[in-house]
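Next come two complexes built around chain A: one with chain B, the other with chain C.
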Partner chain A sequence: MKKLINDPRAVVDESVDGFGRAHADLVTVHIDPLFITRKQAPKPGKVGLVSGGGSGHEPLHAGYVGFGMLDAAVPGAVFTSPTPDQIIPATVAANSGAGVVHIVKNYTGDVLNFETAAEMAQAEGVDVRTVLVNDDVAVEDSLYTAGRRGVGGTVLVEKIAGAAAERGDDLDAVTAIGRRVNENVRTMGVALSACTVPHAGVPSFELGDDEIEIGIGIHGEPGRHRIPMENADGITDRLLAPILADLSPAPGDKVLLFVNGMGGTPASELYIVYRHAVGVLEAAGLVVERSLVGNYITALEMQGASISVLRLDDEMTALWDAPVHTPALRWGV
Partner chain B sequence: MAGLGTDWAVAWLRRSAAVVAEHRVELIELDRAIGDGDHGENMDRGYTAILARLDETPPATPGAAFKLAAMTLMSKVGGAAGPLYGTAFLRAATAVGEAGTLDSGLVAAALAAARDGVVARGKAESGDKTMVDAWTPAVDAAAAAAASGAEPSAVLGAAADAAEAGAVATDPLIARKGRASYLAERAIGHRDPGAASSALILRAAADAASDAASGAPSGAAA
Partner chain C sequence: MKKLINDPRAVVDESVDGFGRAHADLVTVHIDPLFITRKQAPKPGKVGLVSGGGSGHEPLHAGYVGFGMLDAAVPGAVFTSPTPDQIIPATVAANSGAGVVHIVKNYTGDVLNFETAAEMAQAEGVDVRTVLVNDDVAVEDSLYTAGRRGVGGTVLVEKIAGAAAERGDDLDAVTAIGRRVNENVRTMGVALSACTVPHAGVPSFELGDDEIEIGIGIHGEPGRHRIPMENADGITDRLLAPILADLSPAPGDKVLLFVNGMGGTPASELYIVYRHAVGVLEAAGLVVERSLVGNYITALEMQGASISVLRLDDEMTALWDAPVHTPALRWGV
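Presenting the complex of A and B:
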């Protein structure tokens, strides 16, 4: 294992410390318990947005703390959910009195820890709602599993719900728009290589030189099935087919196309995927109105990508275009 | 004999910490096969924190010891295991209340409350390849032993035996909850890490009770 680290057990603390120093104009890092807030949180009268999850997905979630997105982010150990003793103070810090929305990826650990924290924050007088993100179409049989996972769509939920909160929407409205984004986005991912959790020291699964894993999540866990390596267009077709089958968009629908890197794939390859994906969507009669391409929700140094398709309406498009100023996403300001 | 007191509860937690540390790598390997490989690390971090808190604020009753364990595991473990074990200990604390010693009936009731907490929080059923598959046989065996007039240490011994058998019985199952559920039939042949750690912890409870019954020093290493 070759990594730019000092001590496997200090990875999160040292990384968040550096992050806080690099973006001291935008965020404040709180230590013990560890969480990150937007500078000058809470903003008076604004609904607070809090998200969190295991570390290793950077820039998610701390990279999205700032104007127009999150008020607080709660990082856990690598690939391990944060704990209620972190989530509760982050929730309190994000609460201006207008209430707080928890944006939670549907992974068992995240759900249980945020659920526990929400109950305890409610007991402290904070009105908490939850938007559960479960956009991963790789999970075919959600009746007999923990359900679809929250993956790439999380970034889109955080941006659009964040813009709604920033313009002054109330708790019900911010929660509703967050859920509407989740209902209209589908994601599917592929791994070309596994990743190595620093304190584990060995790859999370074995993948041969000529193999790829289709339908991965974002924690280095195996996916739906393993197939021989193919070219970029072939893999893109495999990712888009289940997305379109599940979303079943109508010709003329406007969509946002998000091609996300898993951390170890260069932008040039992501654009090769985007190039073919946009052609497939247009051939299906869809209008690709907005795009996002880059490493936004990652799995350490994993090679691979995910594709997300969000069916837009005019309000979602306007909120997507609204100004945002965070360490990892910035436009309009 | 007398029931199990605070000494036993503290000895159980200390022995659990030793056992979890000893089996840390084994639990990581089990979890790496069908999960994400953090269970041993997380449990070790949680029980290490319990040891520190036991030294800082020694509990006055078994219930206080359970509550200390609950709050520590909930705040230090993360993942699914933190809230699940935390809820289990919190419900057990409520079940035993202010009692200074636990008789067989109360021991069985505490285990049942713990299991009910795990089910309520995790929404898993028997056969889903989760820690419930260790806890439910343990609760049933403990209830049967208590009803037949067994001593508290024998009630815990029966629970530990059943939990170990229950953990082994998860090997051929397809998981329906937790991260292993995404693997479908690829999870077959692997033991559920949560069921495995549950069996270790219930064995530690039984061993701590046997030591108490035989007059061995509390908190002795496994």
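Presenting the complex of A and C:
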């Protein structure tokens, strides 16, 4: 696997450095320990939002630091949780006195390290709440976690909770809306190819030339099963069926449909998936009110996609539509 | 090569259909012949902008249809020019009476078909001008064209000329600013892997496991030379040297630095390239005033990147900053 990198052990540091230079109008990169904050200090009274996790899922999370979304992001090594010594100063920096919400994807390492950091930050006087994201319907337990994994829904939690914080909701309210998004979103993914962690140098797993992995996670960890390659419509059906079974939306429900690329799949293919997915949802009587299509939570250069369906209510829709200005998501400003 | 597609011959139609559904608030997809327009009819007196070319470079061009950029886009088959019978109605639809500018990447098929369409549209009473984009410094002639190829600079031409049209510039002025952007931008790319045209089913070319192609085009057509794999900084130097030699900027010049992904390369790697590139430009005394990093003109799932450097003047910078609202590029609105 060829990569546009220098020292494989310097990938995160150099990438975040480049990111900070490219978006110097929006973010500040803090090194040693490594975390990213908005360029502007938090507005007094605004609840702070902090997320983080292993690197390799870009633009998640640093790409969502900015107005209307995160106050700080904490990147770990590739596919490795960030440490409490990074999360604590990010939490302190995000606190304007109104408290901080940690948005944590459900992986054992992330959960432990954010928990430890939350306790330490509390000891420094920061009121911390946690929104745990576990939207992946593919598997109950996985290589990296007990319970469902946090995947595509994380982007939607960060956007909607971020908008709630920006409009002035208090700590309880921001936490509640973040959890409400998580409770109403389900996701499932597929891999057509493996990905390679830079310092490992070999693919995380092997897939045959005519084989795909249904229910893949965002680290190439095993999903539900491997099947022979199918066409896009068939794969889309396989992803949507367990999502709809688990979410059990009612006819007439309004939803946000999010077709996410895993990093190595071109936009044209994501739109082919979107096309069939919107048809399936409409056939189930659902109203696709909002859409998002693109590479928003990735697994390095993996080829594949995930589909997320979020059941909307009017408040969530309004918060989704609210202005956002981050490196990776921007509208209304 | 596995792809998220159905019938390989239906890739463009299905993808554009999905695109139209996902962005129904912004665009209208016209079928038979296939072209995409803004949802709103052109404002009377506004110069129309039309671009197009082979599919497989998404989000180019359909992703740039919308306020502040294109009025219409015309997708051909994958890596194949659109035909005059598509370009003519797109041109007529984009015309509000103030004339239309065709933005054409310099490939023989595109140039011929846009020329034919321009003549036919003129015969129907539309005043048509052409901005030919030929920013690729890699090769003088290539498999698909006489003279330099049009690549990454096309995105910058469409944005800046689009903003000029939106502020009310007349046909001569929009044409002139489009040409000025082309004259001041240079691009060069690298491929780490090949890409596969869906209906061909086999990679467009072969690259060894430890080999890269310097000066690649956006169709996998040959570049300057193949070399053994190098690190990101070395590759970045190899792309920037011919760009700077050809552009010959003066110390103190302001530039826009555009690091573009070819489709299969993750954002983290593009930022590693950006990091070194900005250092090289600053060492040459240049001021990097604006940046763009991401997948904006791609070659299907090819792994690789291109670097574009645009020498800015104050007017170009203001037009770059002007509001834009398209599926793939949005700010200020």
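Things to note:
Heads up, the rule we're going with is that the second predicted complex is superposed on the first by the 327 of 333 C-alpha atoms of A that agree within 3 Å, B and C clash if a C-alpha of one lies under 4 Å from a C-alpha of the other, contacts with A are read in each partner's own complex, and residues count from 1 in each chain.
Operating definition for what follows: a residue touches a chain if its C-beta (ideal position, glycine included) is under 8 Å from a C-beta of that chain, and two chains touch if they have at least 3 such contacts.
Only a predicted model underlies this, so the values are computations on that prediction, with no experimental measurement involved.
Contacts of A:112 after superposition on the shared chain: chain B is touched, whereas chain C is not. Shared-chain residue A:39: touches no atom of chain B or chain C.
When both complexes are overlaid on chain A, the residue A:83 reaches chain B alone and has no touch with chain C. Contact with chain C, but none with chain B, is seen for A:232 once the two complexes are overlaid on the shared chain.
Contact with chain C, but none with chain B, is seen for A:15 once the two complexes are overlaid on the shared chain.
Of the two partner chains, chain B is the only one touched by A:200; chain C is not. Those residues of chain A lying in contact with chain B across their complex are 33, 54, 76-85, 107-109, 112-113, 115-116, 138-139, 141, 144-146, 149, 197, 199-200, 202, 204, 217, 219-223.
Within the complex formed with chain A, the chain B residues making contact are 28, 32, 35-38, 41-42, 74-84, 86-87, 121-122, 174-179, 181-184, 186. For chain C in complex with chain A, the residues that touch the partner chain are 2-7, 11-12, 14-19, 21-23, 55-56, 58-59, 63, 192-193, 209-210, 212, 229, 231-233, 235, 259, 263-276, 278, 291, 293, 295, 298, 300-301, 303-305, 330-333.
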